[in-house]
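Think of it as A, B, C, D and E in the order they're written, each chain with its own count starting at 1.
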Amino acid sequence: MTPLMEADDLAVDYQAPGRRVRALDGVDLTVARGETVGIVGESGSGKSTLGSAIGRLLSQNAQLSHGALTIDGESLFDLSAVQMRRVRREKLGFVFQDPIGSLDPTKRVGAQLRLALRGRGASLDVTGQLERVRLADPRRIARAYPHQLSGGMAQRVAIAMAMATEPELLVADEPTAALDSQVRDDVSTMIFALAAEAGTSILWLSHDLAAVGRRCGRVAVMYGGRVVEDGPASEVLARPAHPYTHALANSAPASAAPGERLQPVPGRPPVLTGPSPGCAFADRCGFAIERCRSERPRPVRIKAQSVLCHRAEELAGSAALAVHGVGSAVATTPPVPLGGDRS
Amino acid sequence: MRHTNRTGLSIACGVTAAVLITAGCSGGDTSTDDTSTPAESEPGYLAVADSSLPAGGELDVQTHIDASVATGLDPQLADLAAAWQLMSLVYETLVTVGPEFEIEPALAESWDMPDDTTYVFHLRDDVQFSNGRAMTADDVVGSLERQLELGSVWTGQLGPVESVTAVDEHTVEVALAEPYTPFLAALANVPASILPMREIEDGTLNPETEMLGTGPFVVADHRQDVSWRFERNDDYWKQDEPGVDAVNVQIVPQEAARIAALQDGSASLVTLGNVDSPALLQGASDVSVLTQANTDFYYLMLNSQWEESPFTDPRVRQAVNMAIDRAQIADVALAGLGHPTGVTPAGLPGACEPGDLPSGMADLDAARELLAEAGAENLTFELAIFSTDPAPAVAQVIQQSLEEIGVTVEIEQLEETSWNGKVYGEAPGRFDAALSWFAGYADPGMVTKWWNPDAAGFNLGFMESDAELTGLIDTVNSVPQGPERDAAITDLCAAVEDDAQMVPLVTRPSMVGYRADAVSVSLHADEGYGNPLRLLSEARMVRAE
Amino acid sequence: MTNHDGTRDGAHLRAHSGAAGNSSPVLELDEVTVTFSSGLFRREHVHAMRGVSLRVEPGETLGLVGESGSGKTTASMVALGLRRPSSGAVRFEGAPLPRRRRELAGRMQVVLQHPQWSLDPRMWIGHSVAEPLVALGHSQPGDAVRAMLEEVGLEPSFADRYPHELSGGQRQRVAVARALITRPRFIVFDEAVSALDVSVQAQILNLITDLQAEFGFSALFISHDLGAVRYVAHRIAVMRHGEVVETADTETFYTTPVHEYSRQLLEAL
Amino acid sequence: MSGARPGDVSGDGTSGGGAPATYPSTSEERRGVRMRIAHLTGWLRRLDWLSRCGLFCLLVLVLAALGSMVNLGGDPAEIAGGRLQPPGPDHWLGTDNLGRSLLPRLLEGIGVTLLLSSIAVLVTAVLSTALGIVAGYLGGMVNNLVMRVVELLYAFPSIVLAILVAAVVGPGRPAAMAAIVLVTIPLMTRLVRTASTSVAQRDYVTSAVVSGVRLPRILIRHVLPNVAGTIAVQGTYALSVGILVEGGLSFLGFGVQPPQASLGVLIQEGGVYMVAAPWLIITPGVVLILAILSINVVGDGLRDRLEPRETRSLR
Amino acid sequence: MRLFLWWLRRAVSAVATLAGVSILVFLALRAMPGGFAETILGPFASAEQQRELAERYGLDDSAFVQYWRWLQAAIGGDFGTSMISREPVASELGARLPVTGQLAVMAVLTALFIGVPLGVLTALRARPDGGGALGRLVSGLGVSLPEFVLGSIVVFVFSRYALGLSVGGYVPFADDPAGNLTAMILPAAVLSVFAISATARTTRDAVLNVLVEPYVTAAVARGESPAFIIRHHILRNAATPVVVLLSTITAYLLGGAIIVEYLFNLPGIGSYVVQAVGRRDYAVVQAGVLLAATVFIALNVIADLVVGLIDPRLGVTAEGRSM
C-alpha cells in the first residue's frame, strides 16, 4: 500500500533578486496512514517549507528544484489547480502557528467557521464543531471576532476548521509555539485526540525536540534542508544517532539538571545557496571528518533510526552521543496510540 | 479671471470728422463665408446683420468676465469694458457712436448747439423703460446730475458741465462752463446711461443690484461669474429690434474653453483675447473671426516719483521710449493686429501720426547717447505687468528691444489685484515701470486727459504734471475740430514722448468669433469703448431650413 | 568562539550567597503598582503590576518568569526606570531612581529580546558597543570595544561590520558586550534568549553565566521560558496577572514549588 | 519560521551607516567610503529595469537642465525666428508665439521645474523629518501638537492652499516653492512620524536610553538613519507631487512667471496653440509626464527595495 | 458611552481644526499685498467709493475685530456676503456645490468600479521577480498624467472633432439630465484617470498585503477557490486603505477640482474660490476653504466609521480582548 505522504529527494529553492536560497535539499520522508510524525528543526532547517510544500502553499518565489511529493500516490506538483484544491479539501488539514492571524479578522468566528464547513459534507452545526474542540460557551465564541479571543481559543477554532472534514493528514506547523505554556498542553492533547478519533495522520512541525518526542510516534530531525535522523520518538530522544540530534537535545536549557553546564552547539546554522556538497552540519560537528565536508551522506540504518551521517555507525558504537539529563526528557505521558492496524 | 480687461476711462469730445481708419481691420478678418453677412463691405462695418432673416430665437454668447465687480451693477460707476458690454444691452445713452466714430442719435433724436457751450437735446417721445414707464426729461436730467454728483472719474470725463435743465418733457439743456470738444463722445458711453430716476428715488430700484433701462433687453437671470440671461424688451423703441428673443451669456474666463465652445457650436458668439485666435480658428467650419480695431492702447508707466526708480531722470525715460520697437510689439506680440500709436489713439479720426514721433524713428544711437549722458549705461529695471494676455508678450518684446541699448528688463508678472495694489496702492508707487492699457474712446482728446495727474489722480503715485503738457491737453479738449486742433494734437503727442512718464505703445485689438451658420451679426470695424456687443440687438439667428 | 571553559562551572552559584548578608540590594521594588490608563476623558485602569516587591542582591541573578501579559515586561521597564510606578518605590543601590536618566548612565544596562532589533542596523558593531561609553564621555573607546568583543567570544574585527552581517546569536553577543562595556552593577535581560534557536540559546546562556562570574554584576533575567530562567537564575520570581505569586531560590523552586501556578509551569517544562 | 525567505535572512541597510564620530580610525573611514560606494552600486543593481529606466530618464533631464545653464540650444528669451514655426533645422522644436525657439525654452523649463521642486522637497524633507522624528519619538503632547498642525494643513484643499500662498507671497518661484512645501509636508510628516514611532520602540533605542545616551544623539544617530528609507521613498513621491503642484500653479498663473519658462508655464502657453502649433504643448507635456513618471517609478522601485514583499498566488 | 466619547473627541478635534483653518485663511487674506479698497475697486474708483466699501465690509477695523465679527456671524450660520455679487456666500456656495459634488461622485465611482477590480487583478498577477513592471508602468503613468495636460488635450480633441460630448456648457442635472451628463463626462473622465490609477495602486498594495496573511493561506489550505477567497476574505480585508484613499480623493475633489473646473468652465466651488482669492473677495474665500475643510473632516469621520464596519479591530466601538 502506498504511504499517505511521501517526499522523495525533494528540493525547493527560494529565488530572491540576485540570489537563491536552498530551503529543502533533498528531503526523503514518508508518513503512513494513522501515523503521528514530529518534524523537529530550528529556523532555517526547512521544516516549514516542507509543511507548506505538502499543501503546495509555498510563496511564489519558491521553486521545486527536483524530487517529488505525493499524497496518496498523487504527485502534488503535477496536479492542476483544481485537482490540488480537491486534494486540500479532501485529504489535508492545516493548523498554523499564529492562531489569531489564521482567522479572518473581519468576520465573526461562527460565520467564518460556517463558510469553511460549507459544501464539504461536514456538519454545519457551528456550535457542535466548537464544542468538539472543547470550547466552553461556543455560542458566545461564535459571535465573537477573532481579535476578541485568546490565542488558545483561536487555535481551537482553527483546529475545528481543519478537522471538520476529517482529513487524512493534518499538518500542524508549530501550532502551540505562540501559546502560553499551560494552554499548550491542552491544545496538543486535543489535536492528537481528535486525530486519533478521525484516523487522521499528523505531521507536527516543531523546534522543541522534547515536546514533540512526548506526543509523536515518530520523530524526523531536519537540518540544512534534509531529514538527518528519522525514527521512533523514544529512540531518537533517548539514543540520538546523529550528532546534530544529540547536540540539540543537550543544548536545551530545560534538559540540564541543576548545576549542570549546557553543551551548546558551536557556530550557527547554515544558509544554503545550492545543494550542500557534504553534510550541512559538518562545520559545527565535533565529529566531522574530511569526508563529511565533501560527500553528501546517504541514509544509514542505526537500529530503528534512519540517519544521514557518514560516521553514524562508529558513533553509535561509542558513548559519544549519550544524552544527559535523559530522565527529564523522556516522555512522562505515553505516546498516543498509533492507530492500530490501519498502517 | 485672467481676462479682466480693466479699462481706463476717458472722455471723448464730440466728433464729427469721419476719417475712416481701415488699417486696423485688415489683419484679422478671416470671415470664411459671406452668405450671412451680405453687407459686410459697407464702410465702417466688419459685418452687417441680415435683416431679412426672421426675428426670434436665442443667441448663446460667451465672454471673458462678468460685468459686476465690487462696484455692483450701477452703470454710472462701471469702469470695465466688460461691464460696458453687458450693461449696454440694458441701458442706453443720449447719443451713440457710429461706425466711423461719428456721434449718432440714440435716446436724443437730435441736438442743437445754440452756442459753443450749450447743448439742447430733443428726446425721443417713444422711449419706455422696460417696466413700461415712459422716459422723460426728468430721467435724463436726474441721470446726468447723478453722474456729476458721483464724483467718479467719469464725472470728470463729462467735462465742465455747469447745469442740466429740463426745458420741457422732451427737451434737456446742458450748459458748459467753457467749450469742451469731447462732450458728446463722453455722453455716448455706458457711464452716461439714462437711468429710471423716479424708481431710484422712490427706492423701488437699487441700481447696484438690479438693472432697469430703456435698452433692447431685460435681465431675466444672473448668476455672478456664471451666466446671464437677457430677454427681449418687447417695448423697445427701435423697430425690428432686438432681432433675437433672448441672449444667454456665459462667463468663460478660459480662452481655450471659449474657442472650444465656438467650435462645437455650444456658443454662437464669443469674445476672444488671444491675438492668435483668428489664426487658430482658421480651419474651423462655419466659424468666422472678426478683428475689431480698437482705440485702446498699451502704454508704459515709467515711475518718476519713487526715488529708487531709475526713471527720475527724464533722459533715461526718453531713451527707453525711443528704443522700444513698437512695430515689433505689433507684429510679434500682437500678431500684426495692433498698431504703433501716439497718445492720441492711432485709428481715431484726428489722431497724430505715430511715425513722426521719436518713438517711430527708433534711433537707437540717440537712445544710447541719452543713457550715457544720464550715466545709466547698464540700466536694469523691473517691469510690473499683469498676466492678462497679451500683456506678457508685449512685455517680453519690450525686454528684447531694450536689450539692444544695453538695458535689462526684469519682468514681474502679477495677478491683476496685486498689480493694482502695487501700482496704485500707495504714493509714491514702489515700482520702476509698469505696463497697462487704456481704452482710447471715441475722441482723440479724451484719453490724453490721463497725462495730467492732477486731474487723473490715480496716476499721482508715479508721475507729476507738466505745465506744457497740461496746457496742450486743455487746448486739444477745448479747441473745436479743425486745423488748429490737429496742430495741437501733433504737439501734444511729441510733448508726451518728451515727458515720457507714460509712453504710448501700440493699439490693442479685440476679436469676436461667431458661427456664421447660426447667427448673422453686425460689427463696427472700429470701436472706441471696447464694446463688441454694441450692435448685438441687430443680430439675427440663421435657421437651417 | 564559544566558552567551553569548564573551570568556571558552578562558580556563580556561590557568588551571591556570601555577599547577600551585609550589603543592600542593588535593586529593590517595593510594593510597586503600575496602572495603565488611556483615553482623554475615559479613565480605564489596567493593572499591569499590583503590589510587586522584588529584590536583586549584589552579584545575584533574579529570574522573573511569567506568561505573556503577566506584567513581567512592565516590571522590566520599571526596574530600568523607563516607567514610573503609579505607587510604590523603586530603589537602585539604595537610593530612589534619579529623575534624570543620565545619572544612571553606565551603571545599569539592558539586553533585549529581538536579535534583529537589538542593534541599530545602520550602525557599525563597534559604534553600537562603544555607545554606552561615549555616552559617559569616553572619546577613544576603540580598545575597550575590541577587548569587550573578545570577551563575548567575537573577533575584534567584528567592530566594523554591520548587524546584518551577523547571525542572531552573534548579535545577542554584541548586545551583551554593549551592556557590559561600562562594567555596570546591574543588567536587565528581558527575554534575551527567547528568539534564538535552541542550539544558539545555550551559547548565550553560558556566556551570561560566565561573564557574571567574571564581572560580578547583578541581573534581572526575565523570560517566559522557565528552562532558561532556571538555568541562569539564583532566585526565581513567578509573576501572574501582575502579581508575584512565588519567590524562591532556584533549587528550592525546582524541587518544591509552593504555588499551584509554579507547579503547572514546571510540569509544562 | 517560514523557511529562508529573502526578506528575513538579513535586513540590510539602505544607505551607508552613520558618520563615524569617535570610533573608527582613518583606515576604517576609508573602508567606510568604499563600502558606501559598493552599497550604492549594489543598490542600483537591485533596482529593477523599470526603475533603472526611470533613473536614466531623470539623469537625462538633469543633464538637459544643466545644459540650459550654458545656454545650450540658444538664449531662451531671444526672439530668434518667425512666430509659431514648426520644428525644423533652425529650431529643432519649433518656435512659440513670440518667435522664441522652444528648445532652449524647454531646457530652461526643465531646469527651473526640477530645481524649484527639488529645493522645495528638500525643505519639506528637512522640516518633515525634524517634526516627524520629534513627534514620533517623543509622542504625547508634542506629537499631538505636531499632528494637529499637520491635520490643519491636510484639511486645506491643496491647490487653494498653494494659491493662497502665491497670493500672499506674490506669484513666482518663492510662492511655488512655499506652496510645494506646504502641500507635501503633511503626508511626509505623518509617515516619518509613524516610522519614528516604530523605531522608538526598537530594542536598540531602549538600550541606548538605558545607557544614558542623550536625546539629540538618539534622534540623530538612531532614529534618523532608520527612517531615512521612508524619507527617501516619500521624498521621491513628494518630488513628483512638487512638480505637479508647480505645473498646476504655473498653469493657473500663480507659479513661475514668464518670461522665465517652467514646464507648467510652457504647457499653459502652449495650450492655446494646440491646433495651430501642437508642438508647443506636446513637447513640454511629454517631458513633464516623463519626469513625473520617472520619479514615481524610481520611488516604487525604492519602496519595493526597502520593503520587499512576498507574493502569493491563490492557486 | 464609549461611542459618545468617541464622537465628542472627534467633534472637539474637528472644531479645533476648523478654527485653525479659518484663522489661517483670515490671516493669509489680510497678509495679501495691496490695500483693500484700492485693490478691490481698481484705480479708477473715487475716494468716496473706497470709503464706502471699507465701511460696508468693516475693512478698517483691526484684524482681530474683523475676525471676531466674522466668527460670531459664522456661528450663527451667516458666512457673510460676497463683495462682488452682493449675495450671501452660503447661497452662492450652495449653488456651486452640486457641480463639484457631481464631478467628485462621478470620478470616485469610476475609480471604485474600475480601479478596484484592476488593483485586485494586478495584485493576483504580481510576480516576485519584478514581473508586472508593465502594469506598474501603466498605473504609474495614470498617476503621472497632470490634469492640466490631459485636460488640455481632451478639450482640444473634443472641441475640434464632434465626438458627441460637449466641452463646457454645463447645465444642472435637474434641468436637462442628458445635457448635464454630456457636459460632465469629460471632466469627470479627466479626473478619474488619476483616481482610477491611485485606487488601483492602493488596492493592489492592499491585496498583496492581505494575500500573505495567514488566514488567506489557511483558506487556500482548506482548498477554497481563488474566487471564493477573493470574495469572502480578500475584498473586505483589503478595503481599509482603499476606503481611506477614496475618502481622501473625494475630499480633494470636493475641495476643488480647480484645474478641471477651469478648463471645462464648470461653475464649481474650486474655480470660484480661486477667482475670489484673485479679487480679494474675503468672505467667499473664507467660507469656501472652510467648506472644503469641513468636507475633509466629515469624510475622514465617515471613512473611520466605514473602516470600523469593515474591520472590527479598528472600529469606533472596538472592544478590547474581551474573553
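Just so we're on the same page, contacts are C-beta pairs under 8 Å (C-beta built on N, C-alpha and C of every residue); 3 or more make two chains touch, one makes a residue touch a chain.
Not measured: the values here are computed from a predicted model.
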Among all chains, whose Cα centre is located farthest from the one for chain B? A
Higher number of C-beta pairs in contact (D-E or A-D) found for D-E
Averaged-CA centre spacing for the pair chain E and chain B, given as whole angstrom: 41
Averaging over Cα atoms per chain, report the distance between chain B and chain D in Å. 48
Measure off the straight-line distance from the CA centroid of chain C to the CA centroid of chain D, and report it in whole Å. 44
State, to the nearest whole Å, the distance from the C-alpha centre of chain A to the C-alpha centre of chain B. 92
In chain A, what residues contact two or more other chains? 17, 43, 59-61, 207
Would you mind listing the residues of chain B that make contact with two or more other chains? 256, 259, 415, 418
Residue numbers of chain C (touch at least two other chains): none
Along chain D, where are the residues that touch chain B in the complex? 77-79, 83-84, 97-99, 167, 170-172, 253-254, 257-259, 271-276
Spell out the residues on chain D that touch chain E in their complex, using ranges where they run on. 48-50, 148-149, 151-152, 154-160, 163-165, 167-168, 170, 240, 244, 247-248, 251-252, 264, 267-268, 271, 274-275, 281, 285, 288-289, 292-293, 296-297, 300, 304, 309-315
Chain C residues touching chain D in their complex are 80, 82, 101-102, 104-106, 108-114, 116-124, 126-128, 130-132, 134-136, 139-142, 145, 159-160, 162, 164-165, 175, 178-179, 182, 188
Chain D partner contacts - residues on chain B that touch it in the complex: 2, 255-256, 259, 274, 276-277, 279-280, 282-283, 328, 332-333, 335, 387, 392-393, 395-397, 399-400, 411-415, 418
Using the touch definition from the top, list the residues of chain E that touch chain A in their complex. 127-130, 212-215, 217-225, 232-233, 236-237, 310-313, 319, 321-323
